[in-house]
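Chain IDs A, B and C follow the sequence of writing; residue 1 opens each chain.
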Amino acid sequence: MSRTGSVVRAVLGVELRQLIRDRRALLTAILLPALLYPLIFQAGQWVEDVSEKTLAEREVAVALDTGRADAEVVRRARELLAARTPIELIDVDAQPVFTLEEGEAESDALRPVVRELLGDTAQLLLTAQPHPSAPRRTLFQLYYEVKDDGAREAQERARGALRELEAQIAAERRDALLGGDPAAGLDLAMVDVATAEAARGAELGRLLPFLAVLILISGGAYAALAVFAGEREAGTLETLLVQPVPTHAVAWGKFLAVLVAGLTALFANLASLIACVAFRLGPFANEMDEVGGIGLARIAGSLSYLPGCVLLCAVLCLVCGRARTFREGQMTLLPITLATALPSAIVLKPEVQLDFLWAVVPFAGPALAMRDGLRGGLQVGPLLLMIAAHAVYAGFALSRLSSILDAERILRSEGDEQEATLRRANARHALRWGFVSVLALYVIGGRVQQWDPVYGLLLTLWVLVVALAIGCAARTKRPLLPELGLTLPHPAHVLGAVLLVPGLVMLARWYLPVQQEILPLPSSMAESAAGLGFLEDMTPLAMFGLLALTPGICEELLFRGALLSSLKQDLRWPRILFWEALLFAAAHASIYRIVPTAFLGAVLAAITLRTRSIVPAVLVHVGYNGTLVLADAGSVDWTAQTWFTVLAWAAPVGIGLLALRRPRAD
Amino acid sequence: MTTEAAILAEGLEKTFHDPQRGTVEAVKGLDLECRSGEIYGLLGPNGAGKTTTLRMLATILAPTGGRATVAGVDVATDPLGVRRNIGFLSGSTGLYPRLTARETLTYFGELHGLAGDALRTRVDELIEIFSIGSYADGRCEGLSTGQRQRVSIARAVVHDPKVLILDEPTTGLDIMASSDMIDFIDSRRAAGRCVLFSTHVLSEAERLCDRIGVIYSGRMLAVGTLDELRERTGESWLEDVFKALVREAEPSA
Amino acid sequence: MEPPPPPARAASSRFGAALRVARKELVSSLRDRQTVIYTFVLPICMYPVLFWVMLQGFLVVQGQKERTETRVGVAAVAQDAIPAGLTNALAPPSHGDTQTNPVQVEVAAAPHDTGGARAWVASQGDEADAERPHAVLFLPGPDADAQLFFDSTESKSVLARERVAGRLPGFATKLRSEAATAASVDPLELDPIELRSNNVAPKSDSGALILSMLLPMLLVIMSVMGAFFPAVDLTAGEKERGTAETTMLLPVPRAAVHEGKVLAVCATAVVATFLNLIALGFSAENLIGLLARSAQFEVKLPVLALFAVAPLALLFSFFVAAVLTSAAGLANSFKEGQAMLGPVQLVFILPAMIGAVPGIDLDLRWALVPIANVVLAFRAMLLGKELYLEYAVTAVALFVYAILATRFAVLLLSRESVALSSSTIPLKRLFSTLRSSGDTQ
């Protein structure tokens, strides 16, 4: 053990020494960002200031037609409007607009008329008239075109002025009619009780997780590229691997070097940022009243990002370890940056805090922990889970890294990727088609269904999915029907598969409420799912056809037919089930359906592997979807559940499994 | 003749999958035996399987068939043990450009388990032996080819290995550098070590080798001292010996 | 010895030679799987995935937020200052089995003053305060505004604030209309003004507005990123692979070789840029279509603007390609080249931020400023502005800059000290390099 330790130390020391000596890379990867980010903040702040100022100083012209409305209200409105300088008020005759409004014209009809009235000078048309339904009220209407900067600014000012007027007159009316405001003292004033330190910390917490990702990638990637891809190019990796040291020790030493480089970059930047906060630079300039720090405890709290650093560096090592050249490694950095920065965006939602769900999301957990730490409200339980989860992820990445540092792979650099292609051509073919299908379903299917839900769904499944299935199967140049899984199954297998349906349905019924607790569905989505308007006027039979029969047949043709046939040429069953589950879940493209669809995908794939035909899987799929559809249509009562009913559901499953155990005919 | 076999290979095989050519058998059942105190030259044209064989013996590649031991340690079951006993040098074993010669030697000494004074003494000794002294503290990226070669050699013997495996050690070297190399190989014989090296420079083999193995398309065509090979083929120049052996193996060639 | 003078037709065929070099470079980079994947396949797949993840994340946050329990304390200077029904208004009874946005209201037993109310709010991270409210509504009586004490650095406090602020005005309105009804006054009389804001622009204009904030920046960033790898690959990479000398031996004028390289870099950058713009526009269209089923606005892939900007983008890519190629030419390995281009990249991206300033519009002065002009012109095109003169000036300016940059690239790359340098030339030696004699011709 101590031998491994000393090897790790030796590798680490030498790698660090080399990294330090690469002055130019050090400069661009570590020092430059530290100076640059404050600069970018300043620039961003400047852009914001300038745009606010230019808009505020912009002279706007408002065309008015207020002749019809109450003179006093109009006088006061004009007074308030004129105060929002620089503004020019032009009187026009908006009769054509009133005429069109009476006819309830669409904005397409209004547009030319409004444009005509505005002419070249005015950006906004304001009309006033007695309210059609309550003559003592005044109806003000604003007409503008959204994409014009001036029009938007004019609209803002006019709205502000009219709101002010509304508040004034409303108060006067209340005094006159009711003798005072019955809701007096209910106008809200917000008081933030957060300490200045906490507020500064929170402000920093919105930024730092993103910066941490960017800086770690710039600092860590340069190191990772140098210690893996660079060494591979220079040929020194071969030298290293003929030394009597275990590869995992080399991997650890190099990983630690990358981590040190990344953390150095990070700390340099952290210091530069905290200085920005302390001296009120950039985005911190306006928010704070006084110069000051954020407190040591908060800075310490931000250290909870460390698991994220470790994971990110491990991922960088893994990616750069795989890369055969510097160039190749470099090209993977953009996707990695996006994949890590995106989960970090969760910190922009102040109402989300680190909980047990977010703790396990890679990079989102550490980002939230860092922000909560900076805000000063870190919770211990989720923090520990986050650390544990990220340690597991990083450990997995590192074990992969050790296996990648296998001399054989490295030496056969020129062809190892192509070799793998050759060896697993069928599996690769299937996965390629699988992911293209998922993308096509998402992009094309989504569009078609937006156009018309029912015909869109039918088109997607019967045309797109079937075409993809046939395309995938035809490309293999093997006989088409068996490739699509269209073979005659053993009758016992059909029976066994069908008997599994009740069990699957029960499982779904049990699981969905559990998921609702952990991953609650937003009410807007629940409503839109409940009120799928187009389903209401469909007969149960049509619904069955649309939601059970169609997906059952088409999806099975693609997933358990064409894709599975190619996958099973090269892979063993655990991997086949994994990919089937993943692809099937991805095709359903909703986080709320990932677990059920992945499970169903794996079960259906297992059935198909067992029976060598998609017919049983089609029946199970149709049965499963059908039962759920009918249940939603209210024809099945699910409420009463006793041990006896559970047994009644379990028995067929048992028989079904027994039937599936029957040996195949061949 | 010493008794112990420093390197022993029996029926060694290596198969690659190549996208263009399909499955390639780079080495097809190769037998090889070298003893301590012996210099063994592996002779053959490009693509004969020399490098693959040496890499298998150095545990860089895993054999797909047969077995081999180096210094009594099995290549397949204990690669670490093998690596402790060998020094390996090839055209593609580079040097770290941003480390100095001394740091390079220290680093590899550490990886071989040397530490403290023992390590320092050994590094100084190597610098002395290979006359690296004048540039020992300059970065490797600034060294000339010959200087780099010396550092590489010193690197390979930092742990004084029982077996040296050298893959075309003189390729790309100038006259001075390759004569240094030849002297070095010669000196290992005197120290009782085993040297296995591959080359396609016949004069080197002629001058250095106790025994020569001729390898062609993954098979060992003939093994023996130069005289034995001459006798077998009836040719006197090594070049002709080589051609005769190839003709023998593959009459169309 | 002097090389023989080039044949007379060489001058006319220099451009042809440049094209041939460009074609060869493009073919060889298209044969590289990595280049193809990262330049072409990635942008097509990336944006849909990115938008999907964003949408799902949004839903998860939304779902979680609706279920989060919050506690709100209500305190007043005097107990009778708390209007009847306030508790119910803040915590409306649920309709279904689960309540969305639940609030648990706790009314203080004793009167409070401001300080007491403020102190009642749960302080951040204090476990002992598990029962204290996340936000406190303090009612100081009819003559002053109600105060809502909350902690902006605490998630639940932010939620509680949002919920109180959302529900209290409705309660006030209810009180007023009840009082009005009691006094036989039409409640509408109390609300003297109705304000309607009508956007008469076509629905797709709102989408165009969103895209006009995104796409121009993206145009610059993608041109630079698209040119980045080819630029390094064709110059520093070539030196590293040892093919630089082979290239120098080509029987065409050196200038043609370098121009060909700039062309190849430019072509890759243009393709990458357009793939990215189209993929992003398309994904945004899809996503926003999913999110906003309401007819408020729609995002349409701005096909017309994309066609219109194509010539400008091409010229701009040409300019970018020339600048990046010259910078990368100073390096002698891929790694060095890439370190060299890092700062250069920022020189392009920082001015592109001008595209995010709403007040600045393309005019004849801006049309002369490189980078800013293409950003502003693209924005104007997306918004459908008809500034033909400005567009033309922008195009001419870009063309001149592109030619100048290419000249510079050729001049620099033809220097013996650059073309055959065995080490990377630091930027500070750039000018002395240019002054030095020794053009390779």
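Here, a contact is a pair of C-beta atoms (placed from the backbone, for glycine too) under 8 Å apart; a residue touches a chain by one contact, two chains touch by 3 or more.
None of the values given here were measured: they were computed from a predicted structure.
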Make each chain a node and each touching pair an edge, then name the shape: line, ring, star, complete, other. line
Looking across all chain pairs, point out the one with the most C-beta pairs in contact. A-C
For chain A paired with chain C, centre-to-centre distance based on mean C-alpha positions, whole Å: 16
In whole angstrom, how far does the Cα centroid of chain B sit from the Cα centroid of chain C? 57
Per-residue overlap in chain C, given as positions that touch at least 2 other chains: none
Using the touch definition from the top, list the residues of chain A that touch chain C in their complex. 24-25, 28-29, 32, 36, 40, 43-44, 47, 50-51, 53-55, 58, 73, 107-108, 110-111, 114, 131, 134, 136-149, 155, 159, 162-163, 165-166, 169-170, 173-174, 177-178, 180-194, 198-199, 201-202, 222, 225-226, 230, 325-328, 330-332, 334-335, 338, 342-343, 345-346, 349-353, 355, 357, 375-379, 417, 435, 439, 442-443, 446-447, 450, 519-525, 589-592
Mind pulling up the chain A residues that touch chain B in the complex? 3, 6-7, 10-11, 14, 17-18, 21-22, 231, 234-236, 238-246, 407-408, 411-412, 415, 418-419, 421-423
Write out the stretch or stretches of chain B touching chain A in their complex. 16-19, 22, 55, 58-62, 80-84, 86, 88, 90, 92-99, 103, 107-108, 110-113, 115, 139, 155
Chain A contact footprint on chain C (complex, rising order): 33-35, 37-38, 42, 45-46, 48, 50, 52-54, 56-57, 59-68, 81, 83, 100, 118, 121, 124-125, 139-156, 158-159, 161-162, 164-165, 168-169, 171-173, 175-176, 178-180, 183, 185-186, 188-202, 205-206, 208-209, 212, 225, 229, 232-233, 237, 282-283, 286, 289-290, 333-336, 338-339, 342-343, 346, 350, 353-354, 356-361, 383-384, 424, 426
